[in-house]
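Take a look at these structures.
Common to both upcoming complexes is chain A, partnered first by chain B, then by chain C.
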Partner chain A sequence: MGLYVTLIRAQISAQLQYRASFAIQAVGQFLATFTDFIMLLLLFQRFPSIAGWTLGEVAFLYGLGGLAFGISDLLCGGFDGLSKMIRMGTFDRVLIRPVGTFAQVLAGDVQFRRVGRVVQGVVTLGFALSLLDIAWSAPKIAVLVSAIVAGAVIFTAIWVIGAAITFWTVETSEVTNVFTYGGEALVSYPMPIYAEGIRRFFTYVVPLVFVSYLPALFILERPDPLGLPPVLQLCSPIVAVAFLLVARVCWAFGVRHYQGTGS
Partner chain B sequence: MRLYWELAKCGFRRTAIYRSAALSGAVTNTFFGFLRAYTFIALYQTRGEVGGYTLEDALAFTFITQGMAALVAIWAWWPIAESVQTGQVAADLSRPYDYQLAWLAQDYGRALFQLIARSTPPLVVGMLAFGIVLPTDPLTWIATTLSLVLAVAVSFGWRFCLNLTTFWWIDHRGISNISMLVAVLFSGFLVPIAMWPDGVREVVYALPFASMVAIPIDVLLGKLQGVDLLAALALQVFWAVAMLTLGRIVLAAALHKLVVQGG
Partner chain C sequence: MLRFVRRKAVDVEAVAGVSFKVGAGEMIGYVGPNGAGKSTTIKMLTGILQPSGGRVRVAGLDPARQRLEVAKRIGVVFGQRSQLWWDLPLVDSFELLRHIYRVPADAYRQRLAYFTELLELGSFLETPVRQLSLGQRMRGDLTASLLHAPPVLFLDEPSIGLDVVAKARIRDLLAQINRDQGVTILLTTHDMADIERLCSRMLIIDHGRVIYDGGIEAIREQYGDERTVVVDLAEAGPPLTVPDATVTRTDGPRQWLRFRRSETTAAQVVASVAATARLRDLTIEEPAIEDIVRGIYERGDRRQNTGVRRGETSPVSCLLGEVVASVAPVHGLDVDRRDV
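Up next is the complex of A and B:
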């Protein structure tokens, strides 16, 4: 953990060397997801609600998912760059260092400009809260905070599993993008709008339903037309940890099978 | 002329090399198409028709746009910028052809491959999954083909200008983020421009970005007939000529700046 912090601090100071470039890129990252938010506003000026969810409630899902994804993308983006490390042979260097491969790759490529995405998530969440009239209580605040952290962990676990697959495929499979960027888009809308197959997959196989939909049901006190047990609304942290453990197993398995590209 | 024909074939083949990238891109486009389609299905439960778009139109719109993103290269296209960074541009500029036309020819080759590999599969899957029906009137298809040819020209003209900014600012990542946002938003890629608020809609429709995505789609969906159709095609011709002319002016200015290191 100490190593992770040291490595990240070094990268941040390196990236801040080019201040103008950094500022433009951070703004760019902020704006990149902003288009989706404008799309939401455009749709809601023509349609009153989606599956019974109002603009404020959907914006709440958007904010939760965006913030969780932003944090994961900012702190754990290194796994997205594994393909390049394998191709360039720099992963060999990771293997010979006397530190775990997981922490090294995790801290390998922290792009501080991605803080723009985090800011965007916070802004969207703030916008949602300004529209909604939530009766806050200690459990609700606890669920909100734990959901953001759990969501970030779930997205990170997806990056890790996607990266572990590149030990065999070398090229980053764009299929990973379906679950990361696609996942972020998926959790921005209430689950009931999706077909049953998609819903089941993102509940029982890749547990994205725990990122925003289930915690939001608890905080917004909405009924669940899907009829999932209400206790699951509190289970995001447990599921996130379990999913991360699965990802760690995949990672360890992948590293053991790493052969290098010979280049 | 023959030279540009060969260059177009070259652009087609060069893009066709990345077959697995095209396949996984088409998978991702299709997945996002499904997410957006379910959003529209849920939204349309409250309204029958919005801005002249029925649910069937919105679904067709969704899968056509998912396919068109790669066709008009709305997200990222920086080969000229990269040739400026590597210095390859100096060699390209001294070749006995028109620099802009040569790139345009290659871009048409690239676009044709993307039409086959990236535009058609999501649309076919969408048609099968959601029962989307496209017009059978041959005149509509002739007009659509013409509109797509013009859309590629407008989009190329825009990308050509953006790429040339690397003569002044070496790092194109900031420009890339911001230009992508502008293009995605104002091309009517996410929400049909017909659904935008009154007053804004007319302005957005007149901008060059609508000529890249929104107009060809409205032509294909049969939203533009008679005089309106001719006016829309004329607008595309105007923007194609304007963008390509602007590109020539920027290129002339860039050549004044270019200093080639000898040896």
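Up next is the complex of A and C:
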């Protein structure tokens, strides 16, 4: 953990070498993601609700998913760069150091310009909370905080699995982007708008429903038209940890494959 | 077009039969033409790649299985690839490595001072790595690989692209840490002068096999059969005809006669020359190690005795080959081969 902090601090100072570029990119990231949110606002100009969800409620989903994704992208984005590391041969450097490969890649490419995405998530969530009238209680606050962390972990696990596949394909697969960037878009809308097959897939295979939809049902006290057991609304942290363990296994397989072939 | 759609999987055996033992405190030169399998061997020894067969031991440990333990005990320098942080001042990279290798603060300060003095790093410790010259960067990389005081050091072409001054400085450092601290060094290079200056032993590998393992002087005995007598004659003339020797070059009155020591002697060649022309001066040239090694590579090229294809950079799958090891010393490294 201390090493992670040290490595991240080094990267901050490295990136601050290019202050102007850093600022422009951070603002750019914020604007790019915020434009997506404007689209949502325009949508609500035409329709009063989506699948029975009001603007405030959808914005809540949007903010929750965006914040979780932003944190993951900011702190664990190193996995996205694995393809480049393999091509440039810098992954070899990871293997000659007396620290686990997972931790090194995790801390290997932290881009602080991505903070723009996190800010966008916070702003959207704040906007949603200003529209909604939520009766806050300790369990609700706990679910909100744990959902943000669990969501970040779930997105990170997807990055890791995608990166593990890179050990075979070398190029980052577009399939990974479907689940990461695409996943962020997916969790920004209420699940009932999707076809049943898609909902099942994102519940039982890639557990994205645990990022925002299920915790939101609990906090907003909405009935679940899909009829999932209500206890699942509290299970995001457990699911996140389990999914991360699966990702770790995939990662270990990937590293072993790399060591067996040298790609 | 079809090739583009369906690449055929080719198994390329990068290393077929590599076998060697390096004792603790030895410094050996590991040479071979491009694509011979040098880098692959180094990657196997450092735990980056796992051989598909055989046994590798470094400091008594299996690099693939005990990667983290081996990593603490080895230093690695890839001449073509820096392990420093590009945008940070050089000293920050050292500081990060101190954390990664958990070097105690006292030991770190002491070693950094040692290398700063020896390699004259002082003037550019605070310079971002991207602004360093190649020679400065290599000195930085070398320091980076030694801050945790590894008993074994692997160098993959550390002198590539360096000028003579930078090369000399790095050679001096290697000689010094080998002598004073008993660091075991395996040095890969294309520069035979590096090997001649530093190593008492040389390993030549080609097509994934060891084709020579022995002393630097012994290689002259074994392969350096050819000698050249350079004669200065009284006047320029047509190439001489001398039994068992051939004229390889003429330049005015000067002629170069090549002979094999196994067929004749320098004295006989000189006597034959003196019998047909007026001789003013003569010298005898020993073959340079570089020429001998080139001769060995060229012979190896003609043989093509294994399935290794040179220049295959991206096979779909790659069989890393057999490397079998015997019992290793606790200190030093040890690779052995079973005939395949």
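We adopt the following convention: the second predicted complex is superposed on the first by the 258 of 263 C-alpha atoms of A that agree within 3 Å, B and C clash if a C-alpha of one lies under 4 Å from a C-alpha of the other, contacts with A are read in each partner's own complex, and residues count from 1 in each chain.
Definition applied: contacts are C-beta pairs under 8 Å (C-beta built on N, C-alpha and C of every residue); 3 or more make two chains touch, one makes a residue touch a chain.
Note that this is a predicted model, so its numbers are computed, not measured.
**Q** Based on the superposed arrangement around chain A, label chain B with chain C as either clash or fit.
**A** Here chain B and chain C can both sit on chain A without a clash.
**Q** Is A:M39 in contact with chain B, with chain C, with both, or with neither (first, second, both, neither)?
**A** first
**Q** For the combined three-chain view, what is the angle at the C-alpha centre of chain A formed with the C-alpha centres of chain B and chain C, to the nearest 10°?
**A** The vertex angle at chain A equals 90 degrees.
**Q** Answer with first, second, both or neither: which of chain B and chain C does A:L131 touch in the superposed model?
**A** Once the two structures are laid over each other on A, A:L131 reaches no partner at all.
**Q** Quick check on the superposed pair: does A:V246 touch chain B, chain C, both, or neither? Answer first, second, both or neither.
**A** neither
**Q** After the superposition on A, what does A:V145 contact: first (chain B), second (chain C), both or neither?
**A** neither
**Q** Of chain B and chain C, which one contacts the greater number of residues in chain A?
**A** B
**Q** Which holds for A:Q17: it touches chain B only (first), chain C only (second), both, or neither?
**A** second
**Q** Just to confirm the geometry: in the superposition, how small does the C-alpha gap between chain B and chain C get, in angstrom?
**A** Here the least C-alpha separation of chain B and chain C stands at 9 Å.
**Q** Please name which positions on chain A make contact with chain C in the complex.
**A** Counting only chain A, the residues touching chain C are 2-3, 6-7, 10, 13-15, 17, 89-90, 92-93, 95-100, 256, 259-262.
**Q** Please give the residue numbers of chain C that touch chain A in the complex, ascending.
**A** Contact set of chain C toward chain A: 14, 40, 43, 46-50, 52, 64, 67-69, 71-72, 74, 76, 78, 81, 83, 85-88, 92, 96, 99-102, 128, 317-318, 320.
**Q** Please give the residue numbers of chain A that touch chain B in the complex, ascending.
**A** These residues of chain A touch chain B: 21, 24-25, 27-29, 31-32, 34-36, 38-39, 42-43, 45-51, 171, 173-175, 177-178, 182, 185-186, 189-190, 192-195, 198.
**Q** What residues on chain B touch chain A, complex-wise?
**A** Those residues of chain B that touch chain A are 20-21, 24-25, 27-28, 31-32, 34-35, 38-39, 41-47, 50-51, 171, 173-178, 180-181, 184-185, 190-191, 195-197.
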